[in-house]
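Contents: one structure, followed by commentary.
Chain nomenclature is as follows: A, B and C, assigned in order of appearance, with residue numbering initiated at 1 for each chain independently.
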Amino acid sequence: MTTQTAIFRIDGVTKSYGGVKALDSVTLEAGVNEYLSLLGPSGSGKTTLLRVIAGFEVPDSGRVFFQGRDITNLPAHERGIGFVFQNFALFPHLTVRANIAFGMANGAVAVSAQETARRTQAVIDMVGLTGMEDRGVDQISGGQRQRVALARTLVMQPKLVLLDEPLGALDANLRGRMRNELRAIRERMGVTFLHVTGSETEALAMGDSVVVLDRGRIIQRGAPDDIYSTPASPDVAHFLNRFNLFDGTLAGGTFIGPFGTVAAPKVTRAARDVYAIRYDRLRVVPLSAPAMGPALKATYIANEYLGSSVMNFFETVDGKVVEVEHHLSLGAPETYEPRQDYLLTWSPDQAIVFGQEGT
Amino acid sequence: MSDATVAVKGQGPSWLILPGIVWMALFMVVPIAMICYVSFWTQTTFNISSTPTLASWKQFFSSDTYTGALWTTVRIWLIVLATTFIIGYPTALFVGLFVKSKTLSTVLLVICVIPFWTSFLIRVLAWRPMLGKEGAINIILMKLHIISQPIEVLLFTELSVIIGMSQIYCVFMVGPIAFMLGRIDRNIIEAARDLGAGFGRIFWKIIFPLSLPGVVVGAIFVSVMVLGEFATSGALSGRKVNLLGNIIVTQVGSLKWAMASVTGVILTVVMGLVIAAFLRIVDLKQEL
Amino acid sequence: MESRVLKPMLAVYVVAFILFLYGPFFVLGILSFQQGPDGGPQFPITEWSTYWYQQIFGLTPPSRIAPLPVGEALIRSLILAFMTMVTSTVLGVMSAQAFRRKFRGSSFVFYLIVLGMMVPGVLTGLGTSLLANNVFGITRHWYTTAFATHVAYTFPFAFLVMLAILNRFDGSVEEAAWSLGVSPFKTFRKVTFPLIFPGVLSAMLFAFTLSFDEFPRSLFAAGGTEDQTLPLAIYGTFSVEIHPNIFAFGVLTTLFSFALLAVYGILMGMSVRRARKLAMQEEIA
């Protein structure tokens, strides 16, 4: 991606609160018409990043560019960047229609009454709020409120919309539906979305590209499947919530962990030595069965149905919980005896090894 | 979301505070500084000049009228503080702790506050037909044959001033104490009761200490108002009780601005000491 | 167990307490119906009449007892209370807005403002008079010096009320408005102000009633007799002989206050009912 097609770019932005760095020299850009997901645990600075771009916070250092212009010191209302809040922040004293028309009716750029009415109605129809126009925003459901928040922002025709955990306040059912809708609406409007989320599934499902943020720094950026299959560091692997991580020691091409010594031909460079194996790469076999690779003895505890897969939980001798995912598309799940010992085994080439010896 | 969301550009820019600061500085701080300054001016019969002198200060401390007013003020303040506390605490206990219904406790508090919508001076004046020789109290007591002669010390004495002030200011005790009592977690009291503690013990070990910040706030309110009083003492004592406030009023009335200022400075000092002492007892910032 | 004995005892006590609070008003109310113009301000009631009420409105033939000089004073007090209310509320809202952000010396400024409600009126009144006489050389009037002291007294109340309201205010609606291209000033007008209006109403009520009844500050800072506010006019009648007309007047001002309180109650009730409606729908949704 080059600077020419970048819709926004932040350059070495640092922001501290009382000595704690919420953002530590972050550089990031997004292209026109792109869906960028920003994944990070709470306290990683992801909301601060959005607020800096929106103009709600001034960075301590670094610059913010939007459409090729330096907007670092431009007040929020002159930026033309949309913002969708986690709690929606609808104007409680106004109707659905007045909420959506608010920006056009009160903005610095004069929009005629007819134009305002036309655009308002158009966006109301687009997000499916027809018939709700004259309701108060407290007389509609959570999902409808989400749509009002989105419509209110989109009607201003921004080139960039920042979404701060926009689905966080919705229940699981609605979240799934709104995910699809968000994608569809964005594609129709041709705007860039920067979507902050704490949920790895949401980030992986929605973004054209995913940025992982930790302790105020960007630790990986890439396409969802790249991030999913090749996390750049143990931290990323941890946030993805799809890997069993084992601490150990990497020495001369072998990894010594709780499962013994395993060959580690390919090592990703990282600050500490970690052996990562994805939940769905583990096989469960009886203790007596011959191991077809590295193996770890563990006690079966419980399982959990997730719809398309079953998650089995095991506990190793040193108290570590290991998760094994079984996709139902691969056949009916096996049943295991609680408090019974099993052998967990995997093919070594499917593991990801992080270590200081890596390249 | 743990990311900090304070310090927002445009939300309450700091310059908004300036008019408020300027107003308070100009019409509160400077006037009080002016009182201090003028207390050292030279007073002639109808005039003052800014020639510095300690004459008014010496006069204050050598005159029994003035020092007497200082002691009367302190005495009346202490008595009224005690009476408002004694009268107000049981009411606050009932409103804040014993009434279970939120509505009833609100209604009771509103009933307590309603008299404040009557003019302060009328409230003071209302005590005259109550306490007078032919006043309501004497008539009732005579009708009940409790007394045969009307009690004359009820009006135009220090007692009438104390009665009037206690009634006017006791609500300022009730409010804050009831508020603190209302915040006490009932479970603590239940737990103590389950452990076999009697009410007296629960009261002294739990309820009273937890209500103390309310008592201090109430005491500050009452103190500030009683120390600055002059209308009640003037109207109900028939000018027999002179507080520092009364001295200031009469001195200004006879254009003795320097002496009024000396009295004002002394009043300020007394007030400052009292408030500082109360804030020593309880760290309000921590409690509220 | 104790509470079975203690609670009724306290209840009886509270009734006595309320009697203590209201007793003088009952007596005052009864005596306001004393016969006139010869009946005195004490018991017994020689004959029930509304003479003293009529006298206040100038409906009685002239007698040896002069009518209360309250007409113009009442107008002055109303105007003064209105001016004070507007100024204090504006200052209170502005200052509380500024306090939404931490700034250097904010706790000092907080105490500076709150001190205004603590300092006795005698002191600010005296000080302002000294200042007006000896530094500025201006004549004291109810609408200049007295107004200044009234605001210095009521502004802290308005400030505290607004501070409490804004502390609970969710700033994200304002940010939402900015992100829609609406300037901070317009955002305040169109979003913040409508949402904090119930608080503004309370601040106004506080400022108005406190100023309307303010006495010690006016006594010093309002100047001569042609500048009397209502409390000063009432105080003036103290020093001379008291007649039941002042009692009748007390009853009337109390009723006026209640009317004011009722208006406030209705306005508040309307906005609270709206809020409750909102809350209920929130639960349904």
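Some observations on this one:
Following the convention adopted for this analysis, a contact is a pair of C-beta atoms (placed from the backbone, for glycine too) under 8 Å apart; a residue touches a chain by one contact, two chains touch by 3 or more.
Just so it is clear, the model here is predicted, and its values are computed rather than measured.
Ranking every chain by how far its Cα centroid lies from the centroid of subunit A, the top place goes to B. Taking the mean of each chain's C-alpha atoms, the chain closest to the overall C-alpha centroid is C. Taking each chain's centre as the mean of its C-alpha atoms, subunit A lies 55 Å from subunit C.
Between subunit B and subunit C the centroid-to-centroid distance comes to 18 Å (mean Cα coordinates, whole Å).
Centre-to-centre spacing of subunit A and subunit B amounts to 59 Å, using the average Cα coordinate of each chain. Looking at subunit B, residues 5-8, 10 sit in touch with two or more other chains.
Of all residues in subunit A, those touching 2 or more other chains are 55-56, 75-77, listed in ascending order. Residue positions of subunit C touching 2 or more other chains: 172, 175, 178, 184, 187. Here subunit A touches subunit C in the complex through residues 54-56, 75-83, 85, 87, 89-93, 102-103, 106-109, 136, 138-142, 149, 152-153, 156, going by the rule given at the top.
Of all residues in subunit C, those touching subunit B in their complex are 2-3, 6-7, 10-11, 13-14, 17-18, 20-25, 27-28, 31, 41-44, 91-92, 94-95, 97-103, 109, 112-113, 115-116, 118-124, 126-131, 133-135, 148-149, 151-152, 155, 159, 171-172, 174-175, 178, 184, 187, 209, 213, 215-216, 219-220, 230-231, 234-235, 238, 242, 246-247, 249-250, 253-254, 257-258, 260-261.
Listed in rising order, the residues of subunit B touching subunit C in the complex are 5-8, 10-17, 19-21, 23-35, 38, 48, 50, 87, 90-91, 93-95, 98, 108, 111-112, 115-123, 125-130, 132, 134-136, 139, 167, 170-171, 198-199, 220, 224-225, 227-228, 230-231, 234-235, 245, 248-249, 252, 257, 260-261, 264, 267-268, 271, 275.
Taken in their complex, subunit C has these residues touching subunit A: 170, 172-173, 175-184, 186-187, 190-191, 194-195, 278, 281-282, 285.
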